[in-house]
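By letter and in written order, the chains are A, B, C, D, E and F; residue numbering begins at 1 in each of them.
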Amino acid sequence: MATSIVLPIKKVFALVDSQIVVEIKDEHRKLQGRLIAVDEYLNIHMDETTEYIDNQRGRNLGTVVIRGNNILTIAPVI
Amino acid sequence: MATSIVLPIKKVFALVDSQIVVEIKDEHRKLQGRLIAVDEYLNIHMDETTEYIDNQRGRNLGTVVIRGNNILTIAPVI
Amino acid sequence: MATSIVLPIKKVFALVDSQIVVEIKDEHRKLQGRLIAVDEYLNIHMDETTEYIDNQRGRNLGTVVIRGNNILTIAPVI
Amino acid sequence: MATSIVLPIKKVFALVDSQIVVEIKDEHRKLQGRLIAVDEYLNIHMDETTEYIDNQRGRNLGTVVIRGNNILTIAPVI
Amino acid sequence: MATSIVLPIKKVFALVDSQIVVEIKDEHRKLQGRLIAVDEYLNIHMDETTEYIDNQRGRNLGTVVIRGNNILTIAPVI
Amino acid sequence: MATSIVLPIKKVFALVDSQIVVEIKDEHRKLQGRLIAVDEYLNIHMDETTEYIDNQRGRNLGTVVIRGNNILTIAPVI
């Protein structure tokens, strides 16, 4: 069970300073931007944030802090 | 991984005494006002709070305490 | 960052024995009454509680304990 | 601030062995029965439980354990 | 207040190896099966699981782990 | 009560490196892929992830981290 020692949050830590996309729970909405900081609750601090609603580009939000419990997924932008 | 030491909550602490906008989860609603205090759960104490529904100015709410888990995002007002 | 030491919950503690209004998450509903006790999760014990639905006065509920995570905001009644 | 030492959960502890009504979050549903046990998360163990939907009496559920975070309010049956 | 020492979770522990029905929050859905394991968050490991939607028998799901916070109630099958 | 010592999360740890299906709460959506890592909150790190909406195959998502509280069930793919 040694493989389980690498926690999911380590994957997110490794994305600091790179582009990520955060899918919001229940809202057909994604926030894409640069990951500045993340904590153990998956609270996210992003900047250069752009909103996507149903995959259509929306507003530029700049700097935001997102509450972790309302995040569905976090993924790297490839 | 040194950059991840600056926690997302530090960004919010830095906004104490300035104008913030708090987006509520699932409610098309934002609360804008002056940040008085914040804790590790992102519970927020604001005053001079104004409600915005679908980006239209609503009621003046004065002093409110917002439960952190129902907050989607916190951002500075620029 | 000294100002952030005064936690949001302290604002609520200061309202014990006075009239408060508790807005419920996602339900267009508020509960107004006298705050008897509150804890670190913002669980609330109120009495003389009156329900308001879409700002119309509803039932008298008497004594209730409200689970903190389902509370959106707590505010003093002015 | 001495009054805040009496925690909201103490009110619920005091209701063990008596009739309570538990309002479920977002479901227009209440569960009424005898409180057997409660913990710090407001998880509830009830028996002789009866369901009420929009205040109409529904099924007899007997013994149930209710997850605390999905409870909106707990109140004594008067 | 001695009776409150028997925690709600103890009731669930006592159901290990027997048939339980787990009601899911907000989904008109129940999962019935044999309880293999439970933890302090009421996370549930079941096997021989059958889904019921609006009380109609649905798919056989076999082994599942259910996240505790999305559970409304847990009850023995009589 | 010795059987309750095997925690539900142990079942998920045992699935690391194998194919799992994660059912999302309230969204008629499942994510299927290889489990890379899991933690005590049931946060999940998966790769080779494919989305299923109402049981129809959707997008390939590659690597994702899923917030545990928004997961309804985790199950092995048989």
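We adopt the following convention: a residue touches a chain if its C-beta (ideal position, glycine included) is under 8 Å from a C-beta of that chain, and two chains touch if they have at least 3 such contacts.
What you see is a predicted model; the values in this text were computed from it and never measured.
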Contact distance in steps, from chain A to chain E: 2
Superposing rotation of chain C relative to chain F, computed on C-alpha atoms, to nearest 5°: 180
Separation of mean Cα positions, chain B and chain A [Å, integer]: 18
Rounded Å distance between chain B and chain E, as computed from the means of their C-alpha atoms: 37
Centre-to-centre distance between chain F and chain D (centres being mean Cα positions), rounded to whole Å: 32
Sequence positions of chain E contacting 2 or more other chains: 25-26, 69
Chain contact topology (line, ring, star, complete or other): ring
Cyclic chain order when read starting with chain C and heading to chain D: C, D, E, F, A, B
Chain B to chain C touching residues, read off their complex: 13-14, 16-17, 24-27, 31, 36-39, 43-45, 61-67, 69-70
Chain E - residues contacting chain D, complex: 1, 3-4, 6-12, 25-26, 42, 68-69, 71-76, 78
